[in-house]
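The data blocks that follow each hold one structure.
What follows is a pair of complexes built around chain A, which joins chain B in one and chain C in the other.
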Partner chain A sequence: MPTELYNTLSQTAATNNWALIYPELILGCLALGLLVLEVILPKFSHGVIPRIAILGQLLLLGYILVFDRTGCTHGVAFGGMIELTQTAQVLRVFFLIASIFVCYLAMVSFENKTLARIEYFAITLVITGALSLMAMSNHFVMLFVALETATVGFYILVSYFRQNALSLEAGLKYLIMGALSSAILLFGIVLLYGAASNPALASSSQDSMNFDNLHAFLAANSTDRVALIGMILVIAGIAFKIGAFPFQVWVPDVYQGAPLSTTALLAVSSKAAGFAILITLVEVFAPLSAWLVPLLSGVACLTILFGNFAALTQRNLKRVIGLSGVSHAGFLLIGVIAAQAVPQATAWVLFYLFAYLLGSMAVFGSLVHLPKAADAELELDDLGDLAKKNGFLGFALTVGIGSLAGIPPLAGFIGKFLLFVAAFKAELYALLAVAIVGVVVSIYYYFGVIKGAFFEIWRFQDDEEATPSETAQPGDLLTWLGRLTIGFALVGSIVLGVFQGPVGAWLGGW
Partner chain B sequence: MNILHFAIAAPLLFAFFTLWLGRLGRPATQIVSVTGFAIPAILALAAWLTYDPVVAGGYDFVSRHNTGLEAVGITLHLGLNGVALPLFVLAAVVGLAAGLYAAQSKAESLPRYMFCLLIMQGGLMGVFASIDVFFFYLFHELALIPTFVMVGVWGGRDRSYAAMKMTIYLTLGAMLSLAGLITLYVQSGAESFDLIALKEALAAQPLSETISYYAFGLLLFGFGILVSLWPLHTWAPLGYGAAPSSAAMLHAGVLKKFGLYGLIQIAVPLIPGGVGQWENWIIWLALGNIVIVGLVAMAQRDLKQMLGYSSVMHMGYAFLGIAAMSVLGAAGAVIMMVAHGLTVALLFMLATMIHHRTQTFEMDEMGGLAKKAPVLSAFFVCAIMASIGFPGPGLANFWGELTIFLATYELRNWLVFVVVGGVVISAIYGLRAISRIFFGVESEDFQEVQKEHTVKDMTWTERVPALILLVVLFLLGFFPKTITHPINDTLNAEPAYAAEVKASEGEG
Partner chain C sequence: MNVGIEHYITISALLFSIGFFGVLLRKNTLVIYMCLELMLNACNLGLVAFSRYHGGMSGSVFVFFIITVAAAEVAVGLAIIVALFRKRQTVQVGELNALKG
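Up next, the complex of A and B:
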């Protein structure tokens, strides 16, 4: 028995599969380490633990960026379970950056709360690892396990403010909708598995949940009805993740109720992971593109229109951001569809995601410093003259919103512009027309946010009576760490809009 | 690094300096921000004097940098040709006047206001200096965003609604023109946004009829919304009415010319076939601008609204000049753009000065101001004369309108009668405004106002920016050669415009 174990271990070491996922392993260890620290450290020094989480991730990020930017591209590991592509490596960095931001947001929003906090950071780290495994997965089993790891983590994070009814409601909604979508996805996977391992059909295989084998099978049987239904169900399951129509219903409520940092994680990382897997699957399902392209195009159109028009009437900030996120999913879908005809489009989708990350983080970073940030009832009016009360936060919010709206010369504009070029090249004219309508409509509600922050709002006399010393002011909790973090998102949004040079080269497309 | 880099970078840099040094007090803000406007003005003047187009493909001051999108066909390619040069100078001059005027104004939180204005100026300098179509668009948007903020924060009546309406209209226009530009990029096969490369590719292989129809249509209506083509003009009077004066000066004077410039410099040379396909549309919509909007301007009692409608009306002439598809028409449109830019900026500035004295924009509540403020009335009369296109005092507008009328005659001879009728319309509302504001008896409301405010004539800080604009206007009126030569050279080298000339030469 010991010899067998030794053999297995030495084999594992020889193939060295684990080395491929070292960032995820480190993230997992870091998460466990945080929990251990909570036990070891005396209570008064617990404030240092979130900082350790951020520092650990920063070191990991630094290591990857310096030594491993393109290092181990194209590694297949664990018997085809995982395939590390350039895209996956880029997304890994993406998830890390997002997670660092989220940790910062959580640090600020837990400042005046009596909640267990260390678990939040541990779970965030685990989710980040799971999402980056999801981006690497090359097998439905891996995909499903990673997806569920992340989703279960999200169940907890969404309802983290357990004294808050809205947070609990959001958690319940996310739980039910998440479970439903997992079920749909699983059903789709099973159908595909069943179809592709039918020995009576050409190119069937024993391991038909492997994406390469599945692709080969679909190429040989592009008219298989069972596989087709399977594909539609799988896409539906992923549409839930990215918040695409008609699976966007959970988005406004959950975004509103969840703690701000969780909203950020959902809006950015979870959505990006959905797109990562969609990019992979679109290649796998390429033989069925006669069905896939119209399906995705329809979804993209409706997603853009729904997201933008639904956001028009909202007054609640988190709902606005949630619904604007829905429309961003629609824009990204255009890029994913175009990627079938235009190879560079994948890199452009990644660029869009990075622009979205920086823009969102600038917005969330300034919102978290509002006195009512913890509330789910953060209204547009609560921005009241943010620019006047705290110029830095007002500027950050404006740049973030501007970037999300796609206003030049900010990163979001370049992202949208590149997707438009991709859509033109792929001759998706109808989608483009819808996208333009979407952009114009979106200006209305983005502008509303900027208006709230900049333009003076007429207020009732009663409101003025509260003296400034009693009420919290925006930016009270802004430390140098905050300025650095938000400043990074801010400067990044501007710089990526003007000078894309090295980043563009690294994203690998152009 | 050459003149153009500095002219674009200086306002942007000084915008941040203003924000940073603004805390030192009002004088510091004024000095720093005015420097930010003066540098591009001096550089533009230098560019005007040293302009020598023989250097590279009709462009001077050429430079090219890769910002990371070279593989997509986008580079920061800067340069000036004969059409861009006058507008570049216009942007610098109007910018300086607007900057000087804003610096002495009583705007709340002046550093932030100057920040927005300087960012706008940087964008404007970039628009006309870009050879790359992508940056041309990007700089336009860079200049546009501060406008919305300025209207929304520092604007007057209905500012919130006006800012929102402007934003949505102009975004729609910008998106349509962006779609048109991307169409050119994809369909030309040049895989480049470089105007020169696009020209070469499309000269070698013109667009098919269907594609040129749609591409030109997108550009026409996209740019058209930005230039307030009838009936998509409703944002303009409202926006200008609400905008603070220096923002209105820069937008109505310079930024709005972006659309016309795009049509002359990009749409027509690249898609010459499209003009013929859309000719009737352009003519009838431009007539809408001249006749309908002209009549609407006549009915206005609010001075700023009247100026807004009048500026919309004059765009109709420029559209007709473009529709003529000849060197004459296009050159007329360019001269018109420059002259109109200077005039309308001057008028918006004078309107605000009048408002300071009468506390109203309602022309019925003024009257007899000439006695109290003779210098102001002299300026205003000159500006209105220029705006009408009155040939007498040697104002540049006349040359623009004259050449456009000649080109219009070649286009459709009956049009001339309608168009000249337009001059009568603008004469009516212009002269009536002069008489209502400056002459006649003081209205009761104005007498009321005088009890609380003593009405003084223009101060020197007000005279300097007005003089700058008026002097350039006269300069171009007496020596139109200084800009017509470069315009001519560039347009004659452009096959799309020169086609007619060559055809007639061939016959001869």
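Up next, the complex of A and C:
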């Protein structure tokens, strides 16, 4: 028996392919390196550490883009825990870009604060590594551990301003809701494991948490009730992560209270990771699609309607962005549903995610330079005349919001258009109708933001003392690095809108 | 009486439901937190039972990961609750309502 066990273990160990996950290993080492640097560098030179974090990630990103665009070796590794696919490689690049950008945002918003700041960058790097492992996972254990690594990191990042009651309250809300959704996901996994490991049923397997084995089991037993409940619970847990109805209640509160850089990371990376795993799981659950498709369609409809109509009445900028993110999750869900019938739709979902990333980067990049940036009370009126005070930031905000809204020459328009084409090809006409209503409604609140940036808000001028908006101007902290970062998002949003060729080919869609 | 797998799974589902409704209905943050732990442990019980009766090891191994993750979650969660209590002098959910709109 011991030799048998030893043989099994050594066979499994032979499938370990550490070269496959080198970006995640480098991210982890970089995160630890930052903490070491904090100890050994003298206090006055701590400002260089965030720059090292950004530089390290840029080098990694450059290496992947130049030498390893499609993933060095596709395939299953680590005893079936991980499967590297083209989609996972694309998402790896996505998470890296988002993480570099979030590091920049954090660098700017921590400029005038007395806080422990190095940990923020270290945790951001760890979360990024965990999210891209999550996108590669091919086994429920891997999925759960990667998901929890990221989620626990997010608890810390959301409540990072620990002197600020709002940030802490947002942290607590995220903690309770996040732990609740993890538990629901976990119970779903337990039921699926239990159903698929039952020796009395056909195609059952000892290692039934592996996605391939689970798929084989579901194909043979597509009416198993325990597995069906398990699937619904797993989808519910994921729906929470992407902020889909009815698990979206946490989104506005947490987005508002969290530091701006954390809001950006939550809005972009966390959501994309949720969709990465949803794309994988929809394939695994394909034999149950008689239940899965109506379930996801209903969720998508309600998500789009809720996100857009709830955003109409908001005055707080971060809440508007949060609720618009909810409706984006609805649009992406349409793409995920359509992917069952239209194979290119997966690539179109990825394109939409990139458009969403660039648009959000432009918006968050200009918001962080407002005088009240880190404040949870940032209202639409506080934008007051941004375009006149700083033309570059005003332009960036307009292009970003325009891209999120889907105004024609920008990337967001192409993203929405492709998803609608996918929905049309998959004959999801009802969903398409709801989505178009959603887009029309969304124009109203998106233009509220643009209006805030271009028109001065009339105020009583009777208080003599200088208000913060007179002492600090938007864009005071805007350096060449900031112009470069925001400029990248701007150019990306515009170029991807008119010319998608090479990127589209890379995503594998056309 | 013969104790079979269905008994374990019933208990597991029951514990999970108690935890779930506890999270939704209780007002004290610490009690909510205990309910969350109860849900995770209900999952552990289910995994071990399935693993034992269906003859695979992966469920039992998964339990170790869940215990570790739960410990990490408690460490961060209690820190947040303590920091919030210092700031606001309350752990009642009803009084923590500064964020709304």
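The rule is simple: the second predicted complex is superposed on the first by the 485 of 510 C-alpha atoms of A that agree within 3 Å, B and C clash if a C-alpha of one lies under 4 Å from a C-alpha of the other, contacts with A are read in each partner's own complex, and residues count from 1 in each chain.
The definition used in the following text is that a contact is a pair of C-beta atoms (placed from the backbone, for glycine too) under 8 Å apart; a residue touches a chain by one contact, two chains touch by 3 or more.
On a predicted model such as this, the values are computed, not experimentally measured, just so you know.
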item	value
Touched partner set for A:Leu428, first chain B, second chain C, both or neither	neither
Which of chain B and chain C A:Ala53 touches, first, second, both or neither	neither
Which of chain B and chain C A:Gly501 touches, first, second, both or neither	first
Partner chain(s) touched by A:Leu418 [first = chain B, second = chain C, both, neither]	first
Touched partner set for A:Pro199, first chain B, second chain C, both or neither	second
Which of chain B and chain C A:Phe144 touches, first, second, both or neither	second
Partner chain in contact with A:Ile407 - chain B first, chain C second, else both or neither	first
Winner by number of chain A residues touched, once chain B and chain C are compared	C
Contact residues common to both interfaces of chain A (with chain B and with chain C)	none
Chain A-facing residues of chain B, complex	66-69, 71-72, 134, 137-138, 141-142, 145, 148-149, 152-153, 159-160, 163-164, 167-168, 171-172, 175-176, 178-179, 182-183, 185-186
Chain A residues touching chain B - in the complex, by the definition given at the top	344, 402, 407-409, 413-414, 417-418, 420-421, 424-425, 432, 436, 439-440, 443-444, 447, 450-451, 454-455, 498-505, 509-510
List of chain A residues in touch with chain C within their complex	140-141, 144-145, 148, 152, 155-156, 159, 162-163, 165-166, 168-173, 175-176, 179-180, 183-184, 186-187, 189-191, 193-194, 197-199, 204, 206-209, 252-253, 256-257, 314-316, 319, 376
Contact footprint of chain A on chain C as seen in their complex	9, 12, 16, 19-20, 23, 29, 32-33, 36, 39-40, 42-43, 46-47, 50-51, 54-59, 61-62, 65-66, 69, 72-73, 76-77, 80-81, 83-84, 87-88, 96, 98-101
